[in-house]
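All chains are identified by letter, namely A, B, C and D, in their written order; residue positions are counted from 1 within each chain.
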Amino acid sequence: MNRIVISTGGGDAPGLNAVIYSVVKSSQARGWEVYGSRSGYRGLLELDELVRLTDEQVRDITPTGGTILGSTNKGNPFAMPVENLAGEIHLRDVSDRIMTNFNRMGFLCHIAVGGDGSLEIAHRFAVEKGMPVIGVPKTIDNDLEATQMTFGFDTAVSTATEAIDKLHSTAKSHDRVLIVEVMGRDSGWIALSSGISGGADIVLIPEIPFNVETICRKITDNELHGKHYAIIVVAEGACAEKSGRIHKKTDKSEIGRQELLLGGIGEWVAAKIRKNSGKDTRSMVLGHLQRGGSPTTFDRLLALRFGAAAVRMAENNQFDQMVSLVNGEMEAVPLADAIKQRKKVPLSSDKIMTAREIGICLGDY
Amino acid sequence: MNRIVISTGGGDAPGLNAVIYSVVKSSQARGWEVYGSRSGYRGLLELDELVRLTDEQVRDITPTGGTILGSTNKGNPFAMPVENLAGEIHLRDVSDRIMTNFNRMGFLCHIAVGGDGSLEIAHRFAVEKGMPVIGVPKTIDNDLEATQMTFGFDTAVSTATEAIDKLHSTAKSHDRVLIVEVMGRDSGWIALSSGISGGADIVLIPEIPFNVETICRKITDNELHGKHYAIIVVAEGACAEKSGRIHKKTDKSEIGRQELLLGGIGEWVAAKIRKNSGKDTRSMVLGHLQRGGSPTTFDRLLALRFGAAAVRMAENNQFDQMVSLVNGEMEAVPLADAIKQRKKVPLSSDKIMTAREIGICLGDY
Amino acid sequence: MNRIVISTGGGDAPGLNAVIYSVVKSSQARGWEVYGSRSGYRGLLELDELVRLTDEQVRDITPTGGTILGSTNKGNPFAMPVENLAGEIHLRDVSDRIMTNFNRMGFLCHIAVGGDGSLEIAHRFAVEKGMPVIGVPKTIDNDLEATQMTFGFDTAVSTATEAIDKLHSTAKSHDRVLIVEVMGRDSGWIALSSGISGGADIVLIPEIPFNVETICRKITDNELHGKHYAIIVVAEGACAEKSGRIHKKTDKSEIGRQELLLGGIGEWVAAKIRKNSGKDTRSMVLGHLQRGGSPTTFDRLLALRFGAAAVRMAENNQFDQMVSLVNGEMEAVPLADAIKQRKKVPLSSDKIMTAREIGICLGDY
Amino acid sequence: MNRIVISTGGGDAPGLNAVIYSVVKSSQARGWEVYGSRSGYRGLLELDELVRLTDEQVRDITPTGGTILGSTNKGNPFAMPVENLAGEIHLRDVSDRIMTNFNRMGFLCHIAVGGDGSLEIAHRFAVEKGMPVIGVPKTIDNDLEATQMTFGFDTAVSTATEAIDKLHSTAKSHDRVLIVEVMGRDSGWIALSSGISGGADIVLIPEIPFNVETICRKITDNELHGKHYAIIVVAEGACAEKSGRIHKKTDKSEIGRQELLLGGIGEWVAAKIRKNSGKDTRSMVLGHLQRGGSPTTFDRLLALRFGAAAVRMAENNQFDQMVSLVNGEMEAVPLADAIKQRKKVPLSSDKIMTAREIGICLGDY
């Protein structure tokens, strides 16, 4: 009888439990056993953190948030922080110990559910250690190449859109500019999608450096047309274009440390607008709300399909590959391709065009 | 200045207003005027049903259900029911009058939002009358060829999944078999998607004729494993396989008129289960709940993109074509291709495989 | 150390698990032990159905639907259906056996969560057998005297209102009369509350016998004012006034068996309207959807307060009494008072007045 | 024919439009005319801001957020900021001009929907100027005396509870302490209600000065019981007890300006916990999300009942009074009583007891 192990790594994403459910049920249908590695690779490192997953463990977990495999950010097995007797922290490569345990348990394969960090580690295990690995893409940012969509993204966009919906009435009632900072360090998928759906006036994304004057002009323009409020959606990684150069968030010295002291880019933009336009401007950070809670129906279904497809790949010995959604169907793509680079919003994307055409200012001109 | 007209036809679908919003805003961005034809083609037939759409008309309509263009089922212009003075109803071809009005108004094109019926009429106007037509696909059943997804579908699946979620606790508390009949006369997309997401035990779709004994065996099997309840999702067009032949719903004489008298296929299945297994079995029809209400974020965004893409096609003179979602991006496909046939769930679809693998009985064996 | 037992009886209601959670945690705070009796009194009858409830059992159950104590409709211990060796069903009084077990376990008291049926049984145990009983009122119908509100009601009204919201757009798009049948055999609380909130045109409740002509007149009136659709909310126990006499649903012979054959009162009203007005009229039964799913925040909080208050009553030896909400605070009322009669909607209630004043027809004139 | 005027004042609250709808419909039922004063009293000051409200204006507004009467914070008519020709701002008493307009329009009465500030102004108009005024209580904080509940509160608590629900999974997945700052400057109703419903570990309210050590002890206690995360809900007006004295937020100098620089009380608590316990601690401010969006079914119904009751009071000449919910029914109470003082959470409230009993730390011991 075959036996597989599943782990969930990286940040929280709605749909993780649905993947686990699906992997367990699909394995059962083949008479296979499934083990869950708690806390990322921890279960493969210390066998008392390895838990047998049966019907009992996965009952009713599909619609729940979080992951039943517990805390996910426990470090890279190739450089794991370990405390020695003196209380000092060292980085240690524990990958061989993991391979030993993996082989001792007789696992057919490891299904690694994670974002680009986790998938890169999985790929390294495949290449360097010969572990039969299958990746399941997970990132609420939707910034993974080689798959049309990742689970968790639809839920994050829905949460952000609902927040924007709620802000409309207050912005309007109080003649305010309200800024919502959403996730997206390198890509603007969440900001752009929720900004379009929620009817934002301005959307700022990392792919398009913004100009503060352009933003203020849009707000003044609104006023002239009798609209005395504005909603701005800003991705956490959005950056200002200034004196011909782009100011990245990672390069904080350029915006000025004291300017960013009070908050993220949302608060920075708020301060600029307050100063330039005199409008009552407030910002809020959606933060963890986007990662948590029950997955939308779309994400549930996608996660369940990913899980079942991963087990199908295991059956067909398709290792060092990742489950992927391609034009609505499941496909297997090499892990190496998936992690090559982050998927950014292409400037030619119809979403960018749609945003501009329905009157959303993207901060550039 | 260009001027275009938009109509919405066929059954209600969440997202219609988002398409209208997007068409109006995208046209404004080009300095174009938009008119809405109320009640399908009625506005092109009687000009007082033609309404100029401006900011005022489309403000805040994106998240709303229904269509601001009013009642949608007003007949086929090539065979319109018209009452004569004697009060008799005749079918009359009013297509030429519509073309006259269309030309008199100087419309650049007609954006027809509708399902296969409406798109077929639009195509006929293009071919027979030379009307520059652009189709926007709308069907909550998702059964249109040539597009990966239609708006309204995600909302319908979400509504059905929420209903299934709610039924779980009652089914469990009362040891009952609960049956939900969902939309899908010719295809099982809604039933299959919501059945997988909602954790149904059995899903019956038109593409797979079902066997009552198979269903009852699954229920008995549940009992043996300590699960004393079951949830069944059945598409309205599902049909039983009986004595070697398939009993279609459209061929009611075979199931027996008296058997279907009390309700649809859901109630028919309930009666069979009650008789065969003695279980307390209830059925409900979700009906209009699936068509109504606010679109999900996914559907909002898709509808907004469709609307903007349609105006882009108008700018490029891409007529007799339909907006389509292909692997996540907008494309134009010939209307003729789109309406050739209904898209059924392919038996090789990974959704079918996923359902079976996670333990859902599809009624066939 | 004190030890108490909790049971949940009667139909499903959102919030049952929140009561259990609160009883367990409040007992722990006092160093007490809690046992749950599975399937109503089954756990007190057969001790292997009695389960010790600890943190583990109640973790994360507050927002869930159903009851972790399992199927709730298992009969009255004073007349329990029992199968003998010959397979015949007899009613047996098992109340003494239950008292023996109750005493053997050394329970301080029994917290009985249920509707009027379950509370009546609890009261009988108190009076006839001397069991120290505390009632917690549960009915989604809100028809219990002696408490301002029961948990489950707000969720049921919310579910019904959401359904009505969804039907509006379809009714409007298709010029239809849509009828929703909601729960309420003896009282119209759900129908009236959801009808007002959801903007129904007509609401029919058991407290006010309706007149079909009045209903049809309202629909015609709508038409004259340019509103070509209508939404009707009807409580399952609503009845028509006919030829001077009231036709109760329980007295089906008067409406005519063949007339009610095809469905409940909703379908009956639909048939009448179709015949009288010729309007396209459809009905749907919300049914179990109202009982299931996650409780609203309001119901969660009320259920948690009820549970904690019940344990407080146990500490103060307030037995044969029921937890009650009186003007927003918790009070103890005699069980005898609570079960005297069903709470109907008083005709002088401001909800009745509000309905009429905002233009809702109640079917009477 | 009678004619009344309605205004909405103060901060945004879900349900304002439902009150307006109900006032308009209830007035129509009596053959009365209704006018809306835009931007608080602005419509009574400048008659072009006074708008006749008919069916057309109020169609479908019941479930919407915000207020159709526009921006609400436009100053106190007894001391209105007015700009003179030199561009200087002066406070001017415009109450007489308002009374002149009120009389010239022949209004029977003014229905003032607002919080304690707006109701105080309304009361002053009644007492000093003889305006026939009827108050409708509105505050999402629920801190108005003389009514069991205000509309908007249930929606705010629901929004906060949903946010807490979403944070649970992330807190758990990442072993974090997450802090949510909710509204409540003077009273802890929202914090306490959402904290109980959402299963928070710690709730901090203005009524109970908190002790940082107590909080840290609770977190350590969680750890010892194997729970490596915690959720803290803190009302914006909560304050620390320090060196025997209470540090109010309004008295920031005592907490230290630099400490509060980076954010509100939530961030202050986060910093303390980070320092004392070393736990990864994050805080977020829910802010405007609590004020916006569609009202819950509960709030819709309450708002509709308030509106109808206000018109009933107008009919009975019950002026200088406020609509109030008393044990589930509508009553009229003197405005003077309503505004005497803010309703705080009584320490003897069963909600306080419930919180403690189910294991929530209130920060005091």
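By definition in this document, a contact is a pair of C-beta atoms (placed from the backbone, for glycine too) under 8 Å apart; a residue touches a chain by one contact, two chains touch by 3 or more.
Keep in mind the model is a prediction, meaning the values are calculated, not measured.
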Shared interface partners, meaning chains that touch subunit C and subunit D: none
Mean-CA-position distance for subunit B and subunit A (Å): 32
Whole-Å gap between the CA centroids of subunit B and subunit C: 35
Inter-centroid spacing, subunit D versus subunit B (mean Cα positions, whole Å): 42
Multi-chain contact sites of subunit D, meaning residues that touch two or more partners: 162, 165
Touching pairs - complete list by chain label: A-B, A-D, B-C, C-D
Subunit B - residues contacting subunit A, complex: 21-22, 25-26, 28-29, 60, 62-63, 148-149, 154, 157-158, 161-162, 165, 193-194, 196-197, 199, 296-298, 300-301, 304-305, 308-309, 311-312, 326-330, 349-351, 353-354, 356-359
Interface residues, subunit C side, partner subunit B - complex: 11-12, 14, 64-67, 70-73, 159, 162-163, 165-175, 178, 228, 261-262, 282, 284-285, 287-289, 291-293
